[in-house]
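Chains: A, B, C and D, in written order; residue numbering restarts at 1 for each.
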Amino acid sequence: MTALSPEILNTLEKQTIELPSWAFGNSGTRFKVFTTPGTPRDPFEKVADAAQVNALTGLAPSVALHIPWDLVDDFDALRRHAEGLGVRLGTINSNAFQDDDYKFGSLTSADDTVRRKAIDHHLACIDVMDATGSRDLKIWLADGTNYPGQDDMRARQDRLHESLTEIYARLGDEQRLVLEYKFFEPAFYHTDVPDWGTSYAQVSALGDKAMVCLDTGHHAPGTNIEFIVMQLLRLGKLGSFDFNSRFYADDDLIVGAADPFQLFRILVEVIRGGGLNNPDVAFMLDQCHNIEKKIPGQIRSVLNVQEMTARALLLDGDALAAAQKANDVLAANAVFMDAFQTDVRPALAQWRESRGLPADPMAAYAACGYQEKIEAERVGGVQAGWGA
Amino acid sequence: MTALSPEILNTLEKQTIELPSWAFGNSGTRFKVFTTPGTPRDPFEKVADAAQVNALTGLAPSVALHIPWDLVDDFDALRRHAEGLGVRLGTINSNAFQDDDYKFGSLTSADDTVRRKAIDHHLACIDVMDATGSRDLKIWLADGTNYPGQDDMRARQDRLHESLTEIYARLGDEQRLVLEYKFFEPAFYHTDVPDWGTSYAQVSALGDKAMVCLDTGHHAPGTNIEFIVMQLLRLGKLGSFDFNSRFYADDDLIVGAADPFQLFRILVEVIRGGGLNNPDVAFMLDQCHNIEKKIPGQIRSVLNVQEMTARALLLDGDALAAAQKANDVLAANAVFMDAFQTDVRPALAQWRESRGLPADPMAAYAACGYQEKIEAERVGGVQAGWGA
Amino acid sequence: MTALSPEILNTLEKQTIELPSWAFGNSGTRFKVFTTPGTPRDPFEKVADAAQVNALTGLAPSVALHIPWDLVDDFDALRRHAEGLGVRLGTINSNAFQDDDYKFGSLTSADDTVRRKAIDHHLACIDVMDATGSRDLKIWLADGTNYPGQDDMRARQDRLHESLTEIYARLGDEQRLVLEYKFFEPAFYHTDVPDWGTSYAQVSALGDKAMVCLDTGHHAPGTNIEFIVMQLLRLGKLGSFDFNSRFYADDDLIVGAADPFQLFRILVEVIRGGGLNNPDVAFMLDQCHNIEKKIPGQIRSVLNVQEMTARALLLDGDALAAAQKANDVLAANAVFMDAFQTDVRPALAQWRESRGLPADPMAAYAACGYQEKIEAERVGGVQAGWGA
Amino acid sequence: MTALSPEILNTLEKQTIELPSWAFGNSGTRFKVFTTPGTPRDPFEKVADAAQVNALTGLAPSVALHIPWDLVDDFDALRRHAEGLGVRLGTINSNAFQDDDYKFGSLTSADDTVRRKAIDHHLACIDVMDATGSRDLKIWLADGTNYPGQDDMRARQDRLHESLTEIYARLGDEQRLVLEYKFFEPAFYHTDVPDWGTSYAQVSALGDKAMVCLDTGHHAPGTNIEFIVMQLLRLGKLGSFDFNSRFYADDDLIVGAADPFQLFRILVEVIRGGGLNNPDVAFMLDQCHNIEKKIPGQIRSVLNVQEMTARALLLDGDALAAAQKANDVLAANAVFMDAFQTDVRPALAQWRESRGLPADPMAAYAACGYQEKIEAERVGGVQAGWGA
């Protein structure tokens, strides 16, 4: 069995991956949202499910919220609820895409009333952050257009800057704004923040507390994502990750499920650029468990990130540097692939047990009765989903 | 003004494009379905809206139905309603993707009960066809998987063949089955009918009454769609088109909106292969008017197809053949582009007027008061959409 | 016939498009470079061919050179040769990809000797610029790797910055450096300047005389290129265009041949952002005429840009703004498409004649005897190509 | 250490992967072909290099030839040379893309003289097959066009059928024709055999001795290649593989280097469909070692295929079937991933040693002195490449 050094284990012990509350609710496609027994009906139940993931993996001590999906009357109560379950409330995600007002844009809207409403929503999100103790406001904008000529892309970009400036000004000293980019969807001609360059240019114009959020599913086909990771770390502007995986578009599948080697390469660049266990670079999941069970889907996901991090940490930097220096393409690639191909799962299982965690968190979840319990208890009410 | 010859006008006069009933209902993305005033609440209102498109353009004499979205107690009544408005009921589209049973497949399902239900649904669709006098049963399957290993792709393909065989056997002598393929969505790892080759292999195994349906938005990035049009016509298996356009994935935008030159090239191949005004090759729209008004969206669409057909008919075949024979790449391309770049709109407007149609159907619709009328009248009830 | 206003004609009269000397030499794919009769053997002949394009179109008064392909002993002689033919020497393109030394990189190389050589090559290019009076040094780097792990992407990025800093320091007050980005090829895993964001970050770190060069064929599938045009103009960093078109990768086809509507949209954004006839934004072709005749290939190309510019200038800004303000998606798109669909060719032909140019430059070239002359005269010697 | 069962080892022992002679010659991109010391100057030296790969891996007992690159006066001598080195001559690859005559097509050409020449070339290739004892004639066509309208796609398709019919008729009873498809390159608008559907339709029209060749690098972005493997095996028409890998286009990188999980999935479907160690389904490499050493590049490649085959053989079919039957998405995926993530390298090394092969063929090659020997000996002459 491949051994993991104390140094590697020490590094892995510090790793944390934030869970999105909405991953525990129902999600789907425009064709159908399938419901599943046991799905939470409110933010308290979502947090409880997230806590279950953390209890079994030790990897997920915080839960990101989505406003207004996770609006509660008393955020302090939600905070205490979370803490009582061993987790804390994390990033606040704004939502300016589900009101009819936002049909043609939110922070980019030419309609002052709509734009005001969208800005105010973000200011309200910062109020929530003050209440929850959250550090990050994550902004993903659905803004864009479906037809050439539909709107003035340049003016929208300028208005986006103005809107962000006002939101940025409201941030507390310890708070940050992270701006996510996305290639397309729900807009099908142009998206107002379609690529890392745009997000980088926008946040650079704001200041040090504004950073880029990289969602691994938000790129054009064939994009070398680890290059962008490298570049943003180099430029000091990588604020957070939304991990997931995709074969085609923004499929939001389980991270590591579609191209595990890509996840490995991303983590190698994270480590190379000093982004691992760096508080400035938040790790988060953003996934949709459309057809699989949600809690084990999240367990599988954080384990995938952990396993691939372990492999990336195994990379023999000295051997790699020597092969690179010699321009020995095959030797360099061999060193690189050797780390990827090493099976770290037995060593990780052993290490988990040594820390009082289950060796196999997936099996432990299946055996613990939690799923049966929530399926039995959560009857009636409205299951949480993207619209609720 | 470029003149259109009597021969071209005669050809254009015969052109018909079927409208999808669901284009008049609400549609959207997984993020949000925006509602619009005046949206139909039932199939009768959808047919009325479709008839409006036909009245103003003379291009759309039939309406495709979607079962169960357009299920009515009395299809004979719906048929007479349509005929009273100058249109007829057309293709019947099955739907095996919105019941919870179909979470893991329909015609491909390994669960005999589910597969039986899906087959029976298609048999029931043929009953509807008998009632409506429809010729074509269009099958688009959402079947597929999200994760490698989730199911056995080969066994699913075999079961698909078995299911289709049973459905095919139920077809009347004058009825057909058209099998649509789609690259991805809603399944994100594999789709059971992902490409024209699969659809072709499946329908070829059934018989002469089974054909391929080509949706212009259902291909991998960069695919040369007109080549597929050519090939399917050559193989005698192009049964119908679902027209729309896309920049990224299955965006379902207005046909001709994203890449008008591609639409031109497709129509050139249709004409070249004998597919224009050929009853065996049905023209249909399949679009989502997520943010634009639906009735004028459909008017714009059929006009786009008509305009591009006119340009394609202008192609100087003799000059093209001569340049091709001489391997004069630039001359051949010039002949080709000349047809594309000719502005046929004034001539078409004049011709429309000569036939008692409005010169500008878009303006005529805006002026006719229909939109105001439906917005005022259609209050209350549940607006039609993909889920209804 | 659609009329072009005096204002539009006045704008068109100022338009210039630089021709690449290498477009007149042979080019091809890794599979085969086909030769053509009459191909130039040296830079003087290339310039003569380029002058022919300008003589017939009035659109192409300058010729870009490629060093070392266009190295001559006496640049002053080449300059006078050009001026005698009515054109001038333009952008200098460096080449750090054809020496065996550059197998693993040039400006990014970890080998100090190689990197020194690459920097010196660029300094020598600036010497050429001093001799030719050229303003722009265009840097397209083939640097990248083929295999994950082959080299350290981050260190390469830092070395690139260092190399560019040294080159930038050598620029004269009126000289500029434009850095081109490219998605992939000839490197197949990572490219050191793969996207506009990287080019933007690199040139921003240099200073005001460093700008981004946008080659229309150098993007991932589906990329909204006009958005990037908008963004770079907004950021004040769009230095030049390399025009061409593509269906798949960097196909280097004739501009406007693959997606004329995309070219229209790009030119609309150029005009919107103040980039038309703006000396800071150079228009240039970068194409390969692998199978078609090269001189008429270039004539066709500059005409395509001119025609599409005329269409873009026809865009009714007031009507568009009104429709956009009203969120009338269909009306805004209609205004936009109306400009695109208007056939400006007759008006342009008439206008050309009024200026003493041939109404149909393609026909004029075919009739003028130049092609026959060069095919007869240019016998013997080595035809120019990418390797010479 | 994971053990490989006797059954698996027995299966692996039978596995063979054919090497392409041209992988040992120089290759590159349109920008540059880098030369490497020791590159073969003739087919005899290529075969010698290929034999070295087989000697160290036991995996590659045959060498594919490319005509005319590998034309020799005495094929019997070449055959004996190969046999003396422990390998045999395999598939014959035709080449109808490097003569000036083929600029506008070969088997699809409208010019009868050119088409005759192309057909005759293929008949001559079958003569070579008779001399070498080869079974398969592999046809990859570069035919296509660069511009819409350049030629008549339908007529070309019909002529292709006629040409193939004549070639097919010349095949001996034990000989086969395999027709390769490719998405694009060197043609940039349309390719005459662009997808599996076209290849399938063409070979189906010929007869049982005509099959499809699947090159793993010849698909549109995002294509699910293992689905095509499944489908062609199901249809009984998968004749051979050209293995390589790609990030972008037809990059021709080392198989398994870009997406090892994809290679795993392909091999799972090969096994599922009965294609492993099935004489009807030939495994072959088709790669370009542009910057890495060629012989170890080939060694690495066959080892990658072997390792991934071993992982695919580890797949627990019973557990997978049970999870699939239960629609337990996560369990099914876990079984699938478990096989992929198991490190089979130590077991394979041990097994190699037990068979008298080096445990680490890469290290063995580096140590054996062959590379130094050929670099010293192969001085002078013209290195083999695509043009020679």
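Operating definition for what follows: contacts are C-beta pairs under 8 Å (C-beta built on N, C-alpha and C of every residue); 3 or more make two chains touch, one makes a residue touch a chain.
Keep in mind the model is a prediction, meaning the values are calculated, not measured.
Enquirer: What's the overlap between the neighbours of subunit A and those of subunit D?
Expert: The common neighbours are B, C.
Enquirer: Name the pair in A-C, A-D or A-B that forms the same interface as C-D; by residue number, over half of the contact pairs must coincide.
Expert: Interface equivalent to C-D: A-B.
Enquirer: Distance-wise, how many Å sit between the C-alpha centres of subunit B and subunit C, to the nearest whole number?
Expert: 40
Enquirer: On a C-alpha centroid basis, what's the spacing between subunit A and subunit B, in Å?
Expert: Whole-Å distance between the two chain centres: 38.
Enquirer: Counting only residues that touch at least two other chains, what does the list for subunit D look like?
Expert: 103-104, 146-148, 183-184, 189, 221-222, 224, 247-248, 254, 257-258, 261, 291-292, 329, 333, 337
Enquirer: Using the touch definition up top, name the residues of subunit B that touch subunit C in the complex.
Expert: For subunit B paired with subunit C, touching residues are 2, 221-222, 224, 247-248, 254, 257-262, 291-293, 296-297, 300, 307, 329-330, 333-334, 337, 340-343, 345, 362.
Enquirer: Once bound in the complex, which stretches of subunit C touch subunit D?
Expert: 27-35, 97-98, 100, 102-104, 142, 146-148, 183-186, 188-189, 221, 246-249, 251, 253-254, 257-258, 290-292, 386
Enquirer: Spell out the residues on subunit C that touch subunit A in their complex, using ranges where they run on.
Expert: Checking each residue of subunit C against subunit A gives 103-104, 110-111, 146-154, 157-158, 183-184, 189-191, 194-198, 200-201, 219-224, 226-228, 230-231, 233-235, 261, 265, 269, 272-273, 320-321, 324-325, 327, 329, 332-333, 335-337.
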